[in-house]
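Structures given as structure tokens follow.
In the two assemblies presented below, subunit A is common to both, partnered first by subunit B and then by subunit C.
After this line comes the complex of A and B, so read on.
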């Protein structure tokens, strides 16, 4: 665990003309993690990923990655007129670290015909070719922008499985953005929540789940409880409320019940409350 | 990168080479037949009717080579694929513009040499004048490759700045035609013309005739002429203007590429 973070951003910001797409973004992604970057549309996810891979240069702050980085852009662009073989040749000629045997083995194992033009392949097959292109560079960090968008459930599963196999084989670090939460729970172990151009949450998913509870009880006691624990989100009726709180197991009054939260509840709670934040040290408390 | 450039643009390369070969063959056959023709003027005119349209050939270079070079990448998002490999964006652009620009210049130069050789086949036809004829001037010498390169640079810059192929094509055509019309007018003033006195018996002097001299009764008594020996001076002037404009446009292209996420 003494490894340097594979990706580290400090005070990172990007401004387009007058509007900040990303502001005050600080996060560190430890080696070997599979990190999910989630947030509503326009939260700055793509901007953050483009900064991470060097397609954009920051307006303020720094972003640094150790080792080689591969990137799968949104919509998984490929040269449509290139055959699969030519696409692999493109990767080989443009990358000194290219592993040609791995690339061809992977394509063969997936049953992709080498002489088929990329434009004629299905969405799932195109995603696999794009993923092969990224993986065969043998990167230390693979960044994927919405890799599962526009894929049917089967193809989503296949792409994620391919990604997980590569992670298991090589200890690759992955950062992927997505808005399909259900695909992330089984595969990702790190969560970054981006909202309105700011990082709200960055941390280990198991620790985050363990560190939050959903507390349900009578509304009149809620304020007293809220003084004892850090409440992320509050919902419910006039009589009964649910508090999603940042806390471990705590003693509660007899009228209160508590249960663990799932990942989706956790993310939604933070997204509903842009002022709340759960960040590792140094904790950036948002005013 | 060189394989990549060839692979992405081989259709344009092959089609352009084929078109050049066809034009060359037509000019060659016509030129060979000219020596045996009863009236070389007719033989010349038969081709000139079509050839005189080809100063606009660089528009095709701009549209088919230039505009898609960057706009097609931006439209499909493939620039993000290309720019996140281990080749820097600057090198990617330099190799593409360098190799394709060289190919365009060579093609334009070959075209110019073919037109020149064809003109040389008509030593007795007065209209076969590479200096006095507005179209032939643009299609010979160093002006020919310069015009082709300029067309390529306009198309590339339009594609880079507008990021979409179709609007870039429209803008390329408009800008090219405006510059062509402008330079065709400006060309007469690359140097101060010489005044030549003529009467009914004298032969019209060779060169670029840019005006007439009138006496008090509005009778033509002379011509304002750019003498034929100024051909190369004018060629280099025109090529210089076009290449400077192409360099500026390429600079704009480079800035647009550097800023594009």
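After this line comes the complex of A and C, so read on.
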């Protein structure tokens, strides 16, 4: 597993007039990963995605990707007056790497009528046509900006399933932004948390989950414990506190309990504490 | 072939759920040596999960010597699990059924039974470790 990262950003920043939308962003996305980019509105997610695919140029730092990249912008950008067949033809004419057989097989397997105008399709069907456009380019890296926005739960599930099948078939690397954490739990294996234009977390999801615990106990002992472990977020009352800490299982006093955290708790804890960070220690070992 | 399912509220990592389901099937004899496990793509089509999760589960099973991966062919069960024969399994299951009926007659519901069994299992095997 010594493949070069498919996407690598170093000290990446983007400034609009005086305001920095993204600052000091360094991350490396390994090949074959499905990465979730999460963060509040205005965190710089779209800016980062646009920089990653070359739609924007950096104000500082660098970003590079190896191999071919496909990008799906927000709101399923289809020409509403085009039929499905015309949409695929359009894709074929614009993309030298287009796999027309794959595109038609996928559309047929989904039961999408070739003669239907894109504008008459349901939101879920439009998302599938847009995803087909991205996948049929046969990219090494597929970047999707909020592919699940405005879809009902069933359509979200179907879109993610299509994406996962493509990953299983081709070993494609995926970077997608989303608001809905529940759709990401089973489908993504890499997490990037962006907050206020800075990368707070970037890493393997299983390792992140294994590397954090929720410790609960009496408030008077909390400060002593906080000196032993790296506390990301602290909540609770004057008597009892919960510490979401960056630690494996540790021995605790009898009045303390500990449990693993789930992905959503982990993300929320970091978002509440913009100063906390969990990034790979030897950042970007590019030898 | 084994059909995987997911308990999304369990808090158990997805790859571990797959590992546990294979082990469970090996213990019950529903999976036997030589059986092929579904490909990552087949599992993904069924559960809409990340294929790397399936591969991670299979790597773990391979590390434990339970399955072998034959590149380009599939992943196959290498050995079964469980100390007892199927006849003994059947005998123990029957005895356990009798005990469950007894527990229900005594007024225990499913939660009570599960808590009691879990507690006895924990005690028995903890004790076993100490004396071993």
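Rule of thumb we're sticking to: the second predicted complex is superposed on the first by the 281 of 287 C-alpha atoms of A that agree within 3 Å, B and C clash if a C-alpha of one lies under 4 Å from a C-alpha of the other, contacts with A are read in each partner's own complex, and residues count from 1 in each chain.
Keep this in mind: a contact is a pair of C-beta atoms (placed from the backbone, for glycine too) under 8 Å apart; a residue touches a chain by one contact, two chains touch by 3 or more.
None of the values given here were measured: they were computed from a predicted structure.
Superposition of the two complexes onto subunit A shows subunit B and subunit C fitting side by side, with no clash.
In the overlay built on the shared chain, the residue A:262 is in contact with subunit C alone; subunit B does not reach it. In the superposed model, A:95 lies in contact with subunit B only, and not with subunit C.
After overlaying the two complexes on the shared chain, residue contacts for A:70 are found with subunit B alone; subunit C is out of touch. Of the two partner chains, subunit C is the only one touched by A:164; subunit B is not.
Taking subunit A as the reference chain, the count of touched residues is higher for B when subunit B and subunit C are set side by side. In the superposed model, A:80 makes contact with subunit B only, not with subunit C. Of the two partner chains placed by superposition, only subunit B is touched by A:53; subunit C is not.
In the superposition on chain A, contact of A:137 is made with subunit B only, not with subunit C. Taken over all C-alpha pairs, subunit B and subunit C come no nearer than 26 Å in the superposed arrangement. Chain contact summary for the complex, subunit A toward subunit C: residues 32-34, 157-158, 160-161, 164-165, 167-169, 185-189, 206, 209, 260, 262. Interface residues of subunit B facing subunit A in the complex, by the touch rule stated above, are 1, 3-4, 7-8, 76-78, 80-87, 261.
Residues of subunit A that touch subunit B in their complex: 47, 50, 53-56, 68-71, 73-75, 77-80, 82, 86, 89-91, 93-97, 130, 133, 137. Note for the complex: subunit C touches subunit A at residues 6, 8, 11, 13-15, 39-41, 44-45, 47-54, 56.
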